[in-house]
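Listed below are the structures to be examined.
Heads up, the next two complexes both have subunit A, just with different partners, subunit B and then subunit C.
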Partner chain A sequence: MAKAAESSGEPGTTSPRPLMRDLKAVGKKFMHVLYPRKSNTLLRDWDLWGPLILCVTLALMLQRSSVDSEKDGGPQFAEVFVIVWFGAVTITLNSKLLGGNISFFQSLCVLGYCILPLTVAMLVCRLVLLAEQGPINFMVRLFVVIVMFTWSIVASTAFLADSQPPNRKALAIYPVFLFYFVISWMILTFTPQ
Partner chain B sequence: MKQALVDDTEDVSLDFGNEEELAFRKAKIRHPLATFFHLFFRVSAIVTYVCCDWFSRSFVGCFVTVLLLLSFDFWSVKNVTGRLLVGLRWWNHIDEDGKGRWIFEARKASPQHSVATEAEARIFWLGLVICPLIWTVFFFSTLFSLKLEWLALVIAGISLQAANLYGYILCKMGGERDIGKITASFLSQMVFQTASPRDFQKPGLKGLEIHKH
Partner chain C sequence: MAAVGDLQFEEFGNAAATAAENPGATTISIEGPGESPAHQAGLPRGSGGEEDDELLGNDDSDKTELLAGQKKSSPFWTFEYYQTFFDVDTYQVFDRIKGSLLPIPGKNFVRLYIRSNPDLYGPFWICATLVFAIAISGNLSNFLIHLGEKTYHYVPEFRKVSIAATIIYAYAWLVPLALWGFLMWRNSKVMNIVSYSFLEIVCVYGYSLFIYIPTAVLWIIPQKAVRWILVMIALGVSGSVLAMTFWPAVREDNRRIALATIVTIVLLHTLLSVGCLVWSHSCDLPVCLRYKC
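Up next is the complex of A and B:
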C-alpha cells in the first residue's frame, strides 16, 4: 500500500509533514467518490488507506451480536474482508487481461474507494433496524441500498471505463456490477440477531 | 603577549551551535524516537497476535488491533524511519500520461546530512528482515493448525511487511544489480562493523524501472 507520489516535483525533497499530506489525500478522494466527475485524482494519486478503512468499518458493522462468545462473529468478519479484497483483485486481473491500461494498484484504489456509498448504506440500515421490524422497514432499507448501489456503480465506472478499449467496456464493467451487488446483498440481508 | 592571547582565543571556538552538532554526530543513535517506533509497531503486532488469547476472547478485537498496528508500522517505516535512519526512500510516481513507475532513492552522504550510524542501520535492517520471517512462520503454523480465519490477517501482515522489505532492498541495491555482492557487503557490515565506502547515489531512474505498470 504505497503512498501517493511525493508532493512537488523537486526530487530530493520530502513533504515536511507526511502524515497530514496523506490524510488530506485520503479525504480528498472520499470527496471525489461522493461527487463523481471526470477527474484523475483517484487514479493519479492512488493509495489503499481509504479502502482499508472502509473495509474494516463495513466488516465491523456486519457483525452479528451472538450470545455464544466462542464464535463471536469471527467467520463473518474475515469473510467480508476476503470478499472485498479478493473480489477487487479479481476484477483488476480481469480488466488487465482484457487489455485495460490501468495499473493494478490504481484499479484496487478506485474499487475500494467506491465502497463508500455502500458503507453509508450499511450505517443507515443499522440505524433503521433499531426501529421495529416489518415490511416498511425492509422497503426503506431496500430503497437506500439500491440508491447507494447505483451510486457506487456510477462512481466506479466514471473512473474505470476510460481505461478500457471501447468494445470491451461491458466485459470489464460487469464484474464491478457483481462485486457491488454481492456487497449490497450482504448489507440488505443483515439482521442483528 | 597580546598576540598570544589572540592566538589562544582563536583556537577555542565558543560556538555552541557546533557543540550540539558534534554531539549529534557522535551519538550512536541520532533519532531515538524514530528507532523506537520502527520497532515498536512491528513487535507489538507480533506480540498481540501471539498473546491475543490471553487478553480477550474476541476474534474481531484482536484482528482489528493487529491490523491497525501493521498499518501504522507500514506507514511509519515507509514514510519516516527509512528516510531518517538509513536515508532511503521509495514511492510510486505516475506520469501525466497515466503510466506508473516505482522510484527508489538513496541519499548521498554530504557534510550537511549525516550518514546513517551503524547502530541505527543495524536496528533498521534487523527489524525489517526478521519480522516478515516471523510472519511467514505464523503463516505455516496457522495453515497447519487449520485456524483458517486467522489466515487473512497473517497474509495481510506478510504482504505489508514484505512490501517494505522489498522496497528498501531495491533502494539499497541502487545501481548495483548483483545481489550476491550486495548480500556479501551487507553481511560483512553486520558482522565486522566496518564502514564500507557507501556509494549513496540516486539510482538512475532508467535502470530501476523495475515495475512498469
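Up next is the complex of A and C:
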C-alpha cells in the first residue's frame, strides 16, 4: 500500500501505530467518496482494505437469518463477493483495454470505495425493513437505493473519467453503471425471512 | 503510383531495383495468384515486419483472415494484441448498434460497419447487459403476477443469472465458431467472393443480440399477446440482420446448402430468444409460490 512517510522523532507527538494509520487512511478515503471532488487522493494512495471491509459488510448484510436461506434463491455470501470482485476486475480490464491510463489496483480501489453509498443504503434498508411491510416501505427503500446508486455513479465517474481517452468515456463508464445497477438490484430485492 | 514504388523501395530490399524501374509491374509480380484486395491495400501502409513476411510468404489465407489485414502486428501474448480488439470510439459503437436495429436490404452489416475494425467491446457488454436484463425482468414479472397474493413470498432467484450467463455467452461464442468453421470448409470447396473472419462473425452475432435487451425489459408486461408480438418483432429484426449478412457468403454455393445454412442460423436464433425469455418468465405454477422455479 502506498503511504506517506511519517516523522517519528518529532518532540511532543507520539507516532501512531500502523493500524491507526491505515484506519485513518481508509477513513479519509471514505470521506472523499462521500463528498466527491476531483482530487487525486483515492488514486495516488490506493489501498484495498476499504473495499474489502465494504464488500464483507455488504455480503454479510445480504444474508438471511433463516435456516433455509439456501432454498430461497437469494445470493450467498460467496456469490456477492464474487460478483463484486469479478465485476470490478472486469471493469478495470475493460477500461485498460480501451486505452485508459489508470493502473489496475487504482481502478479496483476506486470501484471498491464507491460501493460505500450502496452499503449505507443496505444498512438503511435493513432498518426500514424492521418496520411494517407494505407499499410505503417499498417506496422508501426504492428512493434510498436510487439516491445512493446515483451517488455511487457520480463518485466513481468523478475519479475514473479523467483517465479515459476523451472519445471513449461513455464506453468506459457504462460497465460501471451496469455494475452498480446490479448491486442496487440485489439490495432492493432483499427481503428477510 | 510513384509513392507506392517509393515505399516498396524502402521495404523490399532486393526487389528495390526492379521496383524503381517499373513500380506497377513489380506490384503485380510480388502478389501471388490468390491474393485478396486487402493485401494490395496493405502494401503502401507497410508497418511491422510480421505483416511483410505474411504478404510476401502469403501462405494460409486463414491467418490473414483471422488477423483481418493490416493492423494487428503484436504477438498474441502481449496486452497490445488484445487492445486492438477494443479500438472503437463511442460513436462507432452507437453506429453499429443502430445498424443492428435497422436492417436495410442490400446493406451488409459487416461491410458497412465492421469491415475495417471488428471489436469485442460490443459483443461482450451487450451479452452482459442481456443476461441481467433477462434475469431481472423475469424476476419482476413473476413478482407482478403474484402481487397481492398474501401467501406469495418473493424470492430473487439468483441462480437464474448464472444459467442465463452460461447460455448466452456460449451462444455468442460457440455458434460463431461453428459457423466460421462451416464457412471455411465450404470455402475450400466453392470459391466464395465474400468471406468473414471469426471476429467479424462474433461481432455480428453480438450486435444482433442488442434488440433483445429492450424486448426482455418489455416482457415484464404480463399480456401473452404483447409478449409474443415483441418476440416476433425482435426475431424479425435480428434474424434479418444475420440473414442479410451471411447470404453473400453462401450465395455462390449449392442452392440447397445455402438455404439450409441461412435457415439454421435463423432457427438457432429463434431457439435462443424464445427459450431464454420463456424460461425466465415461467412461474405460473402454485408450487413456485414457496420454492424457486
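Keep in mind that, in the parts below, the second predicted complex is superposed on the first by the 168 of 193 C-alpha atoms of A that agree within 3 Å, B and C clash if a C-alpha of one lies under 4 Å from a C-alpha of the other, contacts with A are read in each partner's own complex, and residues count from 1 in each chain.
Throughout what follows, a residue touches a chain if its C-beta (ideal position, glycine included) is under 8 Å from a C-beta of that chain, and two chains touch if they have at least 3 such contacts.
In this text the structure is predicted, and so the values were computed from the model without any measurement.
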item	value
Of subunit C and subunit B, partner touching more subunit A residues	B
First (subunit B), second (subunit C), both or neither touched by A:18	first
Partner chain in contact with A:104 - subunit B first, subunit C second, else both or neither	first
Which superposed partner A:178 touches (first subunit B, second subunit C, both, neither)	second
Overlap of the subunit B and subunit C footprints on subunit A, listed as residue numbers	72-75
Complex contact set, residues of subunit B against subunit A	57-60, 63-64, 67, 71, 74-75, 78-80, 83, 89-94, 98, 100, 102, 105, 149, 152-153, 160, 163, 167, 202, 213
Complex contact set, residues of subunit A against subunit B	1-6, 11-12, 14, 18-19, 22, 40, 43-46, 49, 52, 56, 60, 63, 69-70, 72-75, 77-78, 81-82, 101-106, 163
Residues of subunit C that touch subunit A when the two form their complex	79, 82-83, 85-86, 88-91, 93, 121, 125, 128-129, 132, 136, 139, 153-159, 291-292
Interface residues, subunit A side, partner subunit C - complex	71-75, 79, 94, 96-99, 167-171, 174-175, 178, 181-182, 185-186, 189-191
